[in-house]
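One chain, chain A, appears in both complexes that follow, with chain B as partner in the first and chain C in the second.
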Partner chain A sequence: MTMSGVSSIITGTGLGKTYQSGFFSHQKTFAVQDVDIEIKTGETYALVGESGSGKTTLGKILLKLISPTSGRIFYHNEDITDLQGPELIPIRRKMQIIPQHPEDAFNPRWRLSRSIMEPFLIHGQAQENGGLKNVLLELLAETGLNPDYAERYPHQLSGGELQRAAIARALALKPDFILCDEPTSMLDVSVQAAIIQLLLSLQKRSTISLLFITHDLKLADHIADRVGVMYNGHIIEEGSGILKSPMHPYSQSIVRGHKHQRPDQSIPSHESCPFVLQCPNKTEKCQTIPSVTDCSGRKIRCHHPFKYD
Partner chain B sequence: MSSTVYIPISDQGFCALGMRVLKKRPLLVFGLIILILMCLMAVFAPYIAPHDPYEQSLENRFLPPSTEYPLGTDQFGRCVLSRAIYGSQPSLIIAVVSTILVVIIGLLVGLCAGYYRRVDGLLMRITDIMLAFPSMVVTLALVGIMGPGVPSIILALALPGWAKYARVVRSSTMSIKNRGFVESARALGAKNRYILFRHILPNVLAPVMEIATLGLGSKIIMIAGLGFLGLGIQVPTPEWGNILNQGLPLLYKAPLIALSAGALIMAFVLATNLIGSEIRDLMDPMSDSVKI
Partner chain C sequence: MKMNNIIEISDLTVSFKGEGYLLTAVDNLSLSVIHGETLAIIGESGSGKSVLGLAILRLLPDTAAISGSIIFQTQDILTLSEGMMEKIRGGKIAWIPQNPKLGFNPSMKIWKQVSEPIVLHTDSSWSEAKKQAIRLLRQYSILPPEKWAEEYPVAYSGGMLQRAMLAMGTSTIPSVLIADEPTKGIDAINKKDVIEMFNTQKERGITQIIITHDLDFASEVADRIAVMYCGQIVELTSVERFFTTPLHPYSVGLVNSLPQRGLSPIPGTSPSMHEKQAGCRFKSRCSLCSRVCSEEIPLFPVGYDNVRCIQYHNRNRAW
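Let's look at the complex of A and B:
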């Protein structure tokens, strides 16, 4: 599983997640449908799309926080789809999450020092070698937090400080893959820039792969090596430079800032193009599901992608 | 790198901490003082009581309060104060042990039902069945089957009581298990047991402790009710309920018999209610009381 000579850290093939609800109706919601994704070592991959397009679900599937309904997950080419319990622990140490809501990411009864050092507590390393105080101070320094904050409770810190603390906790076990689930969406603009800079500088220093989930196309284009655009549970376009030259009609319309009706997720889109109902360029051919094709260095799921000269 | 850290509560001077708690939460301190005094009274009853509570003397029937008998004597010439003091022992033991039992059962059932969806349906239907029966009727039936006595009264009070705790714990567990810090712990590789006991349990304890302290008071009233019906601790063993039962027909002749037990029951219920209403605030990490 390599691409351009760089090994992949995490790969998903044919991933799908269907939720079933209702005692009698058994209504289904197709959150993720037939997604192939590959994230390379040291790469920043941004997933963009509107709310409800399946970005977070896909991220959590890759992290094994949600079990996929279909498809396989590979970590360093090892199939981890069916791993459970103790078999998964070594992989858990290497894959971390930075949550969307920093104020919800910490146990309100714990001081920050305990929360940041929780990875060591979970993995039974809390009493080892007595050097943990130094590790805590290093993590705080690395994420730009005042050491005084270690003894504070989460409600005594601001959103930006908590997000830094969440990054410190995610870094504690020296992971090689971090899922950043809209880490800046709840922060104000000046703090957003600082958090992004922190993430990028950390990534440069330790070659961590980042899966960056965001609504913000400009941010995605700025920080990511590759961007995947999600719509109705599918990745409909993937590659670099999407903001400048979007090829899928959906990517073009979100770059222009158009709003869309939320697709009906109770209908599986394995028979027609997922964007067919709202596509301005639809033809008869669009009643069949397009396969993913390579087009000018992009992976695109469309019968009529726009071609730039 | 040097760091100035917050002084943990345990490192602060005990007297200074006590004064700060008293200043911020006088009702809590008042409730605790009453509760502690009552516990001390139960434990040191043989040293405090002026007379043997079983000692009868027909010559001394219905004596008014005096220095020898501070609250007078009852119809058998027994010291009313001594009986009220000794009566705290079975009342407090039954109330405390049965409350601990219902809290433990309610916590276990509620945590399992809220966290593990597979057992939720089964455990909650059992809980619904327990809730469907009026608790006093179940208690009366169980005491009737097992016979009066401390262990049977404890069981009879605990068996119908756990269901409401289980309901509260379940709903709190279901909301906490979807919080970000639980998901982060899971992503870090935490096992279910770790998540349940380190993250979820401490966060569901506040409402449980509040109900439990309020429940202590209601348990005392139930024990007194059982004693009043003749199903509680049997005479001549002193217990607040049966003292009240014996004193009521004599309310005009020797009012202090019923009033002594009644006042102690009222004081205990008042103390537990005060503590219960304060404890939720005290256990809330967002409250200023954490920083006392």
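Let's look at the complex of A and C:
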């Protein structure tokens, strides 16, 4: 499970997730479809796509917060797809999440010190980290928070400060993989820059792999080693430099700001290309689903990608 | 009042009194809005943008102490009776709230909510207003409008609700539209729709005041940008000059925080609004701060722009 000599931390193969709703209608939503993804040790991988494209579902599948309908998940080459309950606890320590809305991620009746230190209590590490107070102060310092904030309640902090506290909590157990689910979409532009710089500097210091979910392609392009563009549950393009030279017609449409309609997620795209109805490059061949191919250092799911010299 | 201004705000101060403190959300602010323009008010959370918008509509709670004047056309909004204000609010000045989900009544069909301002502010009957509401829904790409008009807000996606909110806000063809963070939580695809809608309204001649911290969005729709920091306007400039040659160090910091400009954050955090500020509000975070920055400074003209920074006194863009 290695690529280019760098070991992978988490890998998903053939991942799919179908939701079913309605007591009688059994309406299906194909949230993630046939996705292969590999995140390497120490890399920042950004998943980009519009709302409903399956980014968060895919991230949560990799974290084992949602069970996939199909496919396998490997963490450090170990198949974790079928692990349940207590078997997952050692892995949960190593995989953390930073939420989109930090204000919803903290118990409003707990002081921050209790929320940030909760992972130690859950994972039974309270004894081995005897000086919990010191650990808390270290975490606050690492995330740029004033030590006095430990005794504050969530409502006494701004959005940016609360997001720093969420990062401190995610770092508490020294994870090696963090899912950042649109961590800055609700923050001001200057606070957004500060939070992202904080995440990147922490990553450099302790070789954490980041899966960064965002709908901001400019941001993804700036911070990530590789970007995966999601559309209708598929990763349709993956690689670096997508903002500069988008190869998939869908990637190009979002870079160029062209309008397009949202896909119908109740129809599985097993047979035709998911973007066929709106694609400027479509031909008869596009009635068959393209496989993922390597093209100029990118992985593309398209019969007729744009080419650049 | 100048002929081409639709709103003139002079020395507006809004403060809230708490236990042992006085929070000044808008601090002695003066601003003119030109007829037909789209003015973006940008700044970080807590800088007083939304309070300013709510003050124009006189929607602030009774606990707010307001002084100064807000002249709309020829009347001072702050001195009007509540009855007069009700005619202006929703009729001549429309408000698009931050969260469209909270802006709609969940137990009322969409057509009725879009029609309500028409019935309240014109002589139309409910059946005439319904026809107009359906026309508006079609105009804002809620298709087919006859079907969606009969739905409740819960059936709408976030982007559709935002469009329905704009249809409702513009149903009486207001002179001024104030929108509070219209792109918050909206993805890139829906954002394009919202940009298109605001540009359509601009073409319809509606003056728009857009309160936002989304610089990309402001760059797409605004003619002028007012930068707010700690309740004050620190720069008033054209959208082109804001992104190419911002003047105030805070504006420079905002532009440099964009991913395409290197994602460099502004050091420090804004001062607590609970404490009385003296001199430049930005001085604790400014690399160019000097002794003179402790003195109070007004917003003054520099070339075509206005800026509140002592560095520009006797200087002309020589940064």
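Going forward, the second predicted complex is superposed on the first by the 305 of 309 C-alpha atoms of A that agree within 3 Å, B and C clash if a C-alpha of one lies under 4 Å from a C-alpha of the other, contacts with A are read in each partner's own complex, and residues count from 1 in each chain.
Quick note on the criterion: a residue touches a chain if its C-beta (ideal position, glycine included) is under 8 Å from a C-beta of that chain, and two chains touch if they have at least 3 such contacts.
Nothing here was measured: the structure is a model prediction, and the numbers come from that model.
Participant: Putting chain B and chain C on the same copy of chain A, do they fit or clash?
Facilitator: On the superposed model, which is not a single observed complex, chain B and chain C fit side by side.
Participant: Contact-wise, after the overlay, does A:P99 reach chain B, chain C, both or neither (first, second, both, neither)?
Facilitator: Only chain B is touched by A:P99; chain C is not.
Participant: Of the two partner chains, chain B (first) and chain C (second), which one does A:L65 touch, if any: first, second, both, or neither?
Facilitator: first
Participant: Which partner chains sit in contact with A:S190 here, chain B, chain C, both or neither? Use first/second/both/neither.
Facilitator: second
Participant: When the two structures are overlaid on chain A, which partner does A:L15 contact: first (chain B), second (chain C), both, or neither?
Facilitator: neither
Participant: After superposition on the shared chain, which partner residues are touched by A:C286: those of chain B (first), chain C (second), both, or neither?
Facilitator: neither
Participant: After lining up the shared chain so the two structures overlap, which partner does A:D216 touch, if you call chain B first and chain C second: first, second, both or neither?
Facilitator: In the superposed model, A:D216 contacts chain C only, not chain B.
Participant: Can A:I300 be said to touch chain B (first), chain C (second), both, or neither?
Facilitator: A:I300 contacts neither chain B nor chain C.
Participant: Quick check: superposed on A, how many Å separate the nearest Cα atoms of chain B and chain C?
Facilitator: Distance of closest C-alpha approach: 11 Å.
Participant: Can you pull the chain A residues that chain B and chain C both touch?
Facilitator: none
Participant: Quick check: in the complex, which residue numbers of chain A touch chain C?
Facilitator: Residue positions touching the partner: 50-51, 158-161, 185-186, 188-194, 196-197, 215-219, 221-223, 254, 257, 259-260, 262.
Participant: Mind pulling up the chain B residues that touch chain A in the complex?
Facilitator: 1-6, 8, 179-181, 183-191, 194, 199, 202-203, 285-286, 290
Participant: Any idea which chain A residues touch chain B in the complex?
Facilitator: 63, 65, 85, 88-89, 92-93, 95-97, 99-101, 104-109, 111, 115, 118-119, 122-123, 137, 141, 147-148, 150-153, 155, 166, 169, 173
Participant: Within the complex, which stretch of chain C touches chain A?
Facilitator: Spelled out, the residues of chain C in touch with chain A are 44-46, 158, 184-185, 187-190, 192-193, 196, 213-215, 253-254, 256-260, 263-266, 269.
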